[in-house]
Amino acid sequence: MVEATWGWNLHKEIPSSKDAAHEVIEHLLRAASDAGWEGRDFFHIQMAIEEALVNAVTHGNKESPDKVVELEFKVTAETVFMRIKDQGAGFCPDKLPDPRDDDHLECTNGRGVMLIREMMTQVQYNDIGNEVIMVKQRKKG
Amino acid sequence: MVEATWGWNLHKEIPSSKDAAHEVIEHLLRAASDAGWEGRDFFHIQMAIEEALVNAVTHGNKESPDKVVELEFKVTAETVFMRIKDQGAGFCPDKLPDPRDDDHLECTNGRGVMLIREMMTQVQYNDIGNEVIMVKQRKKG
Amino acid sequence: MIDRRRMVVARIGELAIVRFTDKKIVDSANIEEMGDEMFSLVDKEHIKHVLLNFHGVEFLSSAALNKLILMDKKIKAVGGILRICELTEDILQVFIITRLNRVFDIRKTEAEGLKAFGASS
Amino acid sequence: MIDRRRMVVARIGELAIVRFTDKKIVDSANIEEMGDEMFSLVDKEHIKHVLLNFHGVEFLSSAALNKLILMDKKIKAVGGILRICELTEDILQVFIITRLNRVFDIRKTEAEGLKAFGASS
């Protein structure tokens, strides 16, 4: 059974606050660390979850007390799977300006989604843009 | 004296909430209406102040209770001047993707700044992007 | 009966005709309610087609446009059609400036909107 | 004495050396405080040049990068220079991925940073 290979799972809803986000991020990171993730890969997981969850809470749910963020995490020694869904209006992740363009270098926003894409093995937004699935696969060798 | 031509002035700070924003918008619109603004020009003023002030409160100050938005309005029969400054990190208004591009048409964000630009006679952001000056000049004739 | 505060809904089978209660639809607490009430037509009440009648709405901001786009996506996802009618001249101009008149099927009157659905009131 | 919670500052005339107290600089309440404390060096304490020493900082998110860019603009506006030192390998990689290594003058050690300012500790 494929399911049996997933070591640590979490599926829950959290309120739309940065504090709640950072609390659950700590749980995830502890689980990842327990599963043997470290070094740059660990750093990348931390960056991706930080950026995606803060986006869900702020841009998506606009920190509304009436909205929740749905989370699904699965952690093994080989793979970290993170699904984050907010109740906001979404956005167009493919249409963002590239923050690495010379003209954008000094912009004070717009790097989160790019960093997620650079640091994860696989990133998939849904049609509307209010859900993202991020997967980090351990490098072979 | 040039100053004497300004009929209604307001210079104040408001808290970073949408409610406070909409309250002051009502004041401005009443003053504009009293000064004889109506029809499409009035609609355009309403759109510009709504978009700019909501941006200042949400994107700029992120609705922080510790931050304020500084407002300066000057209304005469000929001109409406609006200056809005938030205490956020700013952004790059010239680098936004054009929401009118075919690929962006169904995006659920990113139309506010474009609408302001289309509807005002003059729009000027400061270097950092946390202050905007918008002017509407009555059409001649 | 469903308790709605931001809109009044008339149902004809799978078609809903929606009228808004606010004169201004802007980015305030109300707009979330407006969005939620609109989306629940599709998500919970199994409505497939919607005619939004903006009679009496004098102003809307980009936040309202975003809700309409999301509604359009929801309706398309269930194979339905969203139509819009009774826009003021000023609001119609907003749809033209944003080119959203290419996304939405905009009709002048409710009767014309209904006719496009093959229904009548 | 100025009460600072997110950083420790050593002053050498118009130059300030800043060390951060948090191991992680992320988009939380602390980051606003961090930004405000950093900006007040320029806005209120008439510091012109700043060396940010990231010793002990293990993680920072894009929200922190945004604060650094704003700080850089503030310092440039008063004719000063911002330099950065003691980044971990992982954080340095973030500067490289974002190409912000082209915006900031990044030095390996505090001594090298100070030397670039023509100062020594």
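Just so it is clear, A, B, C and D label the chains in written order, and each chain counts residues from 1 on its own.
Just so we're on the same page, a residue touches a chain if its C-beta (ideal position, glycine included) is under 8 Å from a C-beta of that chain, and two chains touch if they have at least 3 such contacts.
All values derive from a computational prediction rather than experimental measurement.
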| item | value |
| --- | --- |
| Count of contact steps on the shortest path from subunit C to subunit D | 2 |
| Chain pair showing more contacts of the two, A-C and A-D | A-D |
| CA centroid of subunit B to CA centroid of subunit D, Å | 33 |
| Inter-chain centre distance, subunit B versus subunit C - centres from mean C-alpha coordinates, in Å | 26 |
| Per-residue multi-chain contacts in subunit A, two or more chains | 58, 89-90, 106-109, 128 |
| Overlap residues in subunit C, where contacts from two or more other chains coincide | 66, 69-70, 73 |
| Chain contact topology (line, ring, star, complete or other) | other |
| In contact (per the touch rule at the top): chain pairs | A-B, A-C, A-D, B-C, B-D |
| Subunit C residues touching subunit A - in the complex, by the definition given at the top | 32, 35, 66-67, 69-70, 73 |
| Of subunit D, residues touching subunit A in the complex | 26-29, 59, 61-63, 65-66, 69-70, 72-73, 89-90, 93-94, 97-100, 102-103 |
| Subunit B - residues contacting subunit C, complex | 18-19, 22, 39-40, 43, 46-47, 50-51, 54, 58, 99-100, 105-109, 111-112, 114-115, 118-119 |
| Subunit A residues within the subunit B interface of the complex | 58, 62-63, 89-92, 94-97, 101, 103-104, 106-110, 128-129 |
| Subunit A - residues contacting subunit C, complex | 64, 66, 89-90, 127-128 |
